[in-house]
Structures are given as C-alpha cells and as structure tokens.
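Below is one structure, written out as structure tokens, with a few remarks after it.
For reference, chains read A, B and C in written order, and residue numbers begin at 1 within each chain.
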C-alpha cells in the first residue's frame, strides 16, 4: 500500500534545493560551452592587454624614438608609427580608455533603456505610446551619425562621447526590454502582486525586472560590442580622443599612409579591436544560448534573432 | 464508393502477439500495431530512453479505437508514429505497424510519403497552427486532392462532395479564405476534409476537439462518427477526455507512462475497469448525473528514463502487492471480448466495478444570513464591446457558487471585475455588506485581504525567480509586519492546508508539476485567511486526476474553514462535484441560476438545456446518437 | 448527417472594396513619418543652434570685429529669433533652397547633389548583392541544418558580424590593395560630376566591404526564419499530408519566411546608411558620408543640417516600405477576421 508521504519523498528525491542567482548560473553555463570558453578567453586576453599594458610599455607613448615607419627590430618589436613613435608602446597604452568609455556608455544606455522599456510595457496605453514614439525618433539616426552630430557641436569631449553613445543605445534596449516585459506583465504572478495592492514601482522592481535578467544580459553583451565599435569608429574618424593621446581607433587612421612601409601600425590595433569584438560577440552568443535553458529544441532558430538584431542598430 | 466494405463478426482480440483469430475465422484487420517502441535518441552523455514501448493493438475497418492517456503518457508520440513520423530527437525502435498487411516502418521515405494523405491520414490537434497561414484554404485542400485523381473534373466533384460531408458547403467563399478568417470549428472541419479527401484506409485523429466549445465539439464528433461509418475507415482517436472517447470509440486502449495498461471494448472498460489506473481515472472524472466526491490520484506519472522497475503504476497504486515490483505484468485477459489489462490483480479489480466506494457529495450547510458577496446589475465593457450586462447573483457565506460559461461568455471578465483588475464596470457589488470600489487602489485593506484570487494557468501564476516560500509569503509580508519566525510558520501552515509538505518552501516553481504549482497558488491565496476565494478556471489546465485532487482539497477547505468560493469553469460535470449553486452565463448575460442539482437536472433555459445535451457523457452507450 | 455550422463568419471572398487595411496603414505610416521628420528637423536645427559662435563668425574668422559681425549677422538673418530662422530654413527646403555652405560659399545643393548619387550607388549595390548572398546562404544552411557546412557558416558569420566596418575595410585594403596583393586601388577618388560606374574598379573594395558587413547578419536571420518555418506545425502537417519535400520547402516554408526577410532587407539598408560613412572615409569615396565627416570637421552647419535630414528621410522611407511590404506578405495581418 503506497502512502502519499512515501510517494512524495520518492518523487522529490530528484529535486535540488535553493539555487544561486540566475545571472551567475547563466554565465556559468555559458562559459562551459566551447563558444563561451573561447569568447571569454579572447576577451580576457585583450582586456588584460588593455588594462595592464600601460605598465609594460617600454617607451612613453608620445615619445619620438625612431624613424617614421621604421621596420620592426629588437628595440622596437612592432616598428615605428607615422611620427616615429614606438608602435608597441602606443598599442599597449591605447586600449584602456576605449574599454572604459565603452563600458560606462553601455551601462548607462542599458539602464536607461531598460527603465523606459519596462515602464512602457507595464503602464501601456498613453505612456507606451509616448515612449515608443520617442524611441522611433531617436532611432531615425544611425548611432555613429548621432554621435557625430553631437561631437560637431560641442567638440570631441570624452563625457560627451560617452553620453552620446549611451543615448543612442537606449532606444534599442527599450524596444527589446519592452517586448520581453510585455510578455511578463501579462503573466498571472504580476497580477497576483497587483491584486493585493502592491504599488506599481514595487511590482516592476520585484516581479518584472528579475525575470528580465537573461534578456538584459544578452543586451549588455550586444551593446558593449557595439559601443566598442562606435567609439573606436569615432576615434578612427578623428572625433575621439585627440592626438597625441594613443587610441587604437586613431592609430589605424594615422598609420594608414605608411601601410606598405610598416603595416604593424595599423595591424596591431586592427587585430586587437577585431579580437575584442569577435570574442565579445561569441561570448554573448553563448550567454544567449545558455539563458534559454535546456529542453528547448529550437534554440538555434531563436538566437540569431536576438543576437544579430541587437548588433545591427 | 465506399472503401473495402467487408464486415467482420465479433471484434478481434486486441491482445499483443500476431495472428489472433475469432468468430467467423475471417479476420480483416486494417491496422495492427505490434510491439511498437519509440525512443529518445541517444546524445552525448545520455543514453537512449524509451518514450513508448510494447504498444500493441488492432483496429478493424469501420471501427474507432480510442487511445486514452493523460499528459506524459506518450499519446501524441503514438499518433505521429502511426504515420511513420517522429519529432526531432526521437527515433522509432522496435515494432511493426501493419496497415492492410504492409509494415509501413519498413518502407523507404519515398514510399512512406506516398502512403500519407492517400492511405493513411492525420487530423491535427490544433488546426489553427496546423493550417499554413499564408496559403488559402482552397489551395491546401487541393494539394491533397492532387493525389486523388489526375482528372480535374473528378477532383472538383470530390471537393464539392467533401465540403458537403464536413458541413462546410454552405459557407460562402471558404476556399478563398485564409485559415485565420475561419472559426475554430470551421478550421477543424477543414482538417477533417483534408484527411478524408482521398478516402484513406486509416485515420489518426489527435485530440481534434480540444479547444472547441461543447456545442461545436458535439457537432464535430458527430461528423467524425458519420464519416468513419460511411467510409469504413479504421480510426484511432487519441484523447485525454474519457467522456469524449466514450461517445465515439468502439474499443479503448488506456496508456500510462508509455505503455498500454488496459485494452478492450469501450463500454466494458468504462463500467468494469481492470487496471487500477483506469479505475483511478474513472473515479476522478466528474459526472453530470450524480454528484460524487472526486477521487484524485496522488503523485505523477514517471518521466521517460525515470521509470521504476516492475509495473510503472505500482508506486501510486492502491492495489499494489510486492510481486508488482518484480517485472512488467503480462496482459491478463479479463473477459471473452478481448478485454485485458497489464495487472497482476486485473480480474479482481474488474470485479469491483467503477462505482464502488464513491461517496456522495454532502451539500454545504445553508447559511440564512446575508450573502457574503452581493452582485447587482454588474455590467462591464472591453473597449466598445459590452461584455457583461446586468449580472445579478449572490454568494452565500460558506457556499460555492459556480459560474459556468463558454469562451466569450464573459466569465473571466466577471472574475477580473470582482477582484479589481478590470476597473471599468458599472453596477454595485457589496462585500460583507459594504460596497466594493471599482479598482484595487480604492479598496480597503480589509476588503483586499478577505477576497483572494487563484488564476487558471499554473505555469504563469508563480514568479519563476522566487521560491515557493517567498511566493506564498508575499501577501502576508505586504499586509502585516511580523517577525520572520512567525511568518515562516504561517507559510508552512498555508502550505499544509494546500497539502504540500514543509520541504516545498525552498523549491522553485520550475521544479514542480502543474498540480503542485496550482496548490502553491492556492496556499498563497489562503495565507491571509480570506473569506472568499475566486477561482478562475483553476483546473482547466490540469489532468483529470490532478483536477480531482485539487477539487477535493478545495471542498475540504470549504468545510473546515467556512470558505466561500466562486468557481468559474466551462466544465459542466465538474460543477456537480464542486459547487452548491450555479450561475450560467451566455454572452454576458445570466440565463439561469439556482441550486446545482436543480439546474443540472431540470434546466429551464434553452441554452442551458442545449449545453447539457451537448456535454459528452461517460455513460452514453457507443454508437447511439 | 453533418449539419451546417453557424451562419458564415467568414469574410467575403471577393476583396471588400470598402475596407482597405493596406491603404489605411500606408496613410497612417506616412503621417507618422512626416511627424517624425518634423521632430527630427527641429532637433537637428536646435542642436546646431547650440554651437558656440555662429555662421557669421565662422565666415569672418579673424577679420571679425563687432560691427562687421553684426552687419553680417543681419545680412544672413542670424539676428532673428530661433523660431523664425527655423521656419525660413524649413520653408527654404521645400522651395529647393538648401542654404549655402559656410565653408565654400557655394549652395549646399550643388555640393551635395553629386554625392547623393554616389552614395546611393554604393548603398544599392551593396544592399542588393549582400541581401542575395545572405538569403541564399541562409536558406541553404537551414535546409542542411547541423551539417558541417551549416556549422562552418554559422561560426564564420558569428565572427564576421562583430567586426567594425573600418576594420573590415582596412583588412581588405591590406589584403588586396596595399600589402599582400595589389589588385585594386586603395582609394576610390574621382572628381564630382563623374558617374561612379565609369571606373568599376573603384567601386569594388568599398562595395565589398559593405557586403561583408551585411551578409553575416542577413544569413543568420534568414537561417533562423527558415528553421522556424521548417519546425512549425503547419510544415509538419504538410509532411504528414504526404506532400513532397520540395513542395513543402518551396510552397509551405518559404512563403512564411518572407516577412522576416523583408525586415532584414530593410534593416540592411538602414545599416548601410550609417556604415557608409566610415567606408567612404577610408576609401576617400566622394559620397554623402564623406561629405558629412568633412562638414562636421569644418562645422559647416547648413551642410550638416541637410545631410542629417536627408538621412532621416531615408530612414523613414525605408521603414515605411519595409512595413508595407511585410504587411502585404502576411495575410493574417492584412485581412482581419470579420
């Protein structure tokens, strides 16, 4: 005679107890896949170079130590740049600002975008309309052009670039967050919280937001990649950090002329930027897959929509 | 031009193994399934695991075999396998599927493709997603007819004939419409037309009436029955709804955890079930005619890969004996007509009959005092549409009032208005004598606490990022400031009231089954010790056996705590076993109300009468309209 | 006897001439588009007003004295209120007067006219070629899902999609123009007024860069859309109906992938509008993008204003076209249930 209690014990044997925070779990899972591991390693290496590079630079970045476009030699492993400065030193020195600016811009942009997106989804109606129309207007500009506009007005100031990039991320993040939040706001557990009279802000913070963790993680990854692209691009065009400060983007531009003589002035930053963005994108892809969890057969089909769409605008 | 018009004498035996003969010695078996096995394909780290195994049954031409099972029994996998098709990640293992003497599993993909649509057809469960949204209905029908004949005139004639047979001939412009422009019933009829077009020999119907309202369902069932008869086609009808199967099937095979547990003539299986699982199911099904206490089955079916040695049902079985753990029981014949079950005690169980030991529902005590909830002239709109009009009813204290209606009747809107989620309503509602404000913001804390709500979808009513303990605690934490220890005790008390153990406090919702989640939702609603519980179709998404336990639970709570309930549902028989009073909603208006026994036994309104006539009943003998 | 269901709830088969959801939506979208452009124009104008100094001081440069500055300002109409200036600028646009460049003094339209054509050539070529390649590869990969080809393509797409355009451009230049091989010129300069197609060699690298940038994205979206269609219930049903695999792919799966494809194509063009800036700069290609960069460097306000507005107009038009075509391809949205 089977008793209910015994039955439950049997069936609960397979259940785990309380688990860690979701974002950690997702990251954990992501990093164990080949894509995630590769992505993380590449990103790790580049970040390391950028972060501690300045400590290892053999020469000051703006010192004229050799002939312009000197060939690589023992003293100057990557040769000289357009003005005769050491390419290796400038490369080691030229990354951390890019990363820092990109990180700050991304965080700001995603935070703002998520706030707007959740608000639009939760309240719906008029608020939704206003927010989404504004989003449409801001999205009527490519990000780069928007940044160019601001820079043209106020000059290439660091805080301005960061702000411009953040503002241009917000609408896209708002769109994605809104779509995900709409789905969640329809769920009965949000209604359950509303029914007992919980105020709107609390409901959004405690019921809706935690369920957006995966979406936000993926967006963070995508936006970070794109921030790097835009800021490096601005640098390339000469609207970023002003010379003689070293920055990877500008190095690519200024050393273009001597491409035949010493390609390393261009190649080194190109390789680093490429590695960074590829690694970041690969890692984000792995995170997106991991956040879908097990048991969902068609994850391939879903992901490019999330990953690529984000990377585009 | 009907199909092969041969008739047989007594139905063939439905046991496993080949070559059973009966009566006249003339065996015309249209479909014979022998030892069919479908596996989950092995992938890295995981071995092959069987989803269904040892499936054997036979179907004669003109007969309908009902394949019955709850969720997780493998019935959809079976349905697709009968056409030689499996979903991604699955693979067909052992076994034979013999259609008119030919084992279709041995055919090449090209030959199999040739067979489908022409000799074996499939009617899908959800026609709204099974019909291509970008192709016109006519195009999709004509595709199948291309196999029928190369002569255009013959095809056109057949098309007209088909549309008449499924009852779509009078719908203008149907061939030029897109699927989304048709109603659910019309879409399903298109599915039927596509299946019967080439006069197949075997038809597999995968829960074709799920999602249709009761009246449409009855009509579609009649159509199916007529078509099967006139075409002499062998049909396999898959469903979780035993009442529907009782109405349409000649024979029944009951599936549990990927195996056939019992097989036999429908009437026999339903009156004297030989397998404890079938018996358990039948005792969990509410009946329109007698109000009996629903008896649920504790626990859940084991998942593929998690199945116990010995009989799969043994852990949940009240008849289990130690021998049951020793191996899969063989098929035990219980009567001469091919009724058998895989149970060591089959004969004994069959002897008990279904109704033994079912208790009558005791009606709740009548409380003469003023009603707890008094609804007067309630009207509600959804944008421009009026969804509810002049709704008047009262919920007496300690009683359960069922609100019955089909989709579109306004019953969910009614629940939302009462609970405050839909603030644009008119009329007056009094709760414990005091008027209730329209929206949540303006209601008093007292009112918010005393009226609680449980919603339909157990998979969406719990926040997946929180533990059960946090979920149940939420209303308590919102209204009262209690020290953590006391809160925990209240949470455990609520869980216990919902028949959940204390250990559930740390689980996350995705670790729970549907029934358990619904209980958590109930515990959350109970923690503030409300006076009125509004239950909005809370069992519609649950299996029958789970539904029974939840309803059992609610009745118990009602008796113990003097809880009043508003129980919203579309399931009329369920009302019998759960409610004291009933209110019938038809397109936003109450057409009938009164004590349950009275309304269900002698309805006065024609709509109610029609509904009651259309509800499929377990007791209806097969073949009689 | 099977009976007839409730009186027909089906929309009339013959297209109902009264209800035209397509036309209504078109008008609505155009309306929104105009409003958006209006708002954008205000933003653009307002932004340029924030610049320290103004057009007059930029024109006079070192020769500015307060008196001459004031005189020039009056002449240029810069002493009027912001709103008045905005209004005259806006109405000027409609009349075809796009203003005068501060730097060169010539009219904006003469500066920009040729450039628009050049950029359009790049964008259209790259858009068409890139979309075709991406769609074809995507469908192929979806049909051969999980094969080696599919994996290789997917991983490559993942990597390439992350690269900035200037990196791709530089890589192409290093490979084909400057360092390793010398097939193509490293810059694509030609005088204004000359059509870009007169010397196709000049177009190849810029177009190739843009194509490389959009193909991976198109590929991934197309693959996802096809896989979604192939995994759908209606495709399963089509197979169970006994239809041939070819028919299932072409008639059941493909038509349902059109809507996402249109979205992708639209997004491609939008992206190109932005990406073209960097590419033109790298190759010195005389297009709108290069014009914008130069104008920004020179603070040439009228030019900036116009180019930005043109870009926004392009965006709005592409969005509208995308929405309309996608609506036309989706019967479910086009013909609501009556």
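One rule holds in what follows: contacts are C-beta pairs under 8 Å (C-beta built on N, C-alpha and C of every residue); 3 or more make two chains touch, one makes a residue touch a chain.
All of these numbers come straight from a predicted model, not from anything done at the bench.
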- [ ] Please identify which chain has its centre, taken as the mean of its CA atoms, farthest from the centre of chain C.
- [x] B
Open item on the list: Can you check which chain pair, A-C or A-B, has more C-beta pairs in contact?
Closed with: A-C
Task: Distance from the mean Cα position of chain C to that of chain B, given in whole angstrom - done: 51
Task: Rounded Å distance between chain A and chain C, as computed from the means of their C-alpha atoms - done: 23
Open item on the list: Can you compute the centre-to-centre distance for chain A and chain B, using the mean CA position of each chain? Integer Å is fine.
Closed with: 47
TODO: Indicate the residues of chain B shared as contacts by at least two other chains.
DONE: 88
TODO: Any chance you could list the residues of chain A touching two or more other chains?
DONE: 297
TODO: Specify, in ascending order, the residues of chain C that touch 2 or more different other chains.
DONE: 231
Open item on the list: Can you tell me which positions in chain B touch chain C when the two form their complex?
Closed with: 80, 83, 85, 88, 113-118, 121-122, 124, 126, 129-135, 143-144, 147, 164-178, 180-183, 185-186, 189, 194, 216, 219, 222-223, 226-227
TODO: Write out the stretch or stretches of chain A touching chain C in their complex.
DONE: 35, 133, 136-137, 139-145, 148-154, 225, 228-229, 232-233, 236-239, 249, 252, 256, 259-260, 263, 266-267, 270, 273-274, 277-278, 280-282, 285, 297-298, 300-305, 307-309, 311-313
Task: Footprint of chain A on chain C - complex, ascending - done: 32, 36-37, 39-40, 43-44, 47-48, 50-51, 145, 154, 158-159, 161-167, 170-171, 173-174, 178-179, 186, 216-217, 220-221, 223-224, 227-228, 231, 267, 270-271, 273-275, 277-278, 281-282, 292-293, 295-297, 299, 304, 308, 311-312, 315-316
Open item on the list: Taking the touch rule as given, give the residues of chain A at its contact with chain B in the complex, in rising order.
Closed with: 1-2, 4-5, 7-8, 10-12, 14-19, 22, 187-189, 191-198, 207, 210-211, 213, 297
Task: Contacting residues of chain B [partner chain A, same complex] - done: 88-89, 298-300, 306, 314-318, 320, 419-421, 440-441, 443, 445, 448, 452-453, 455-457, 460-467, 471, 474-475, 478-479, 501, 503, 506-508, 511, 521, 524
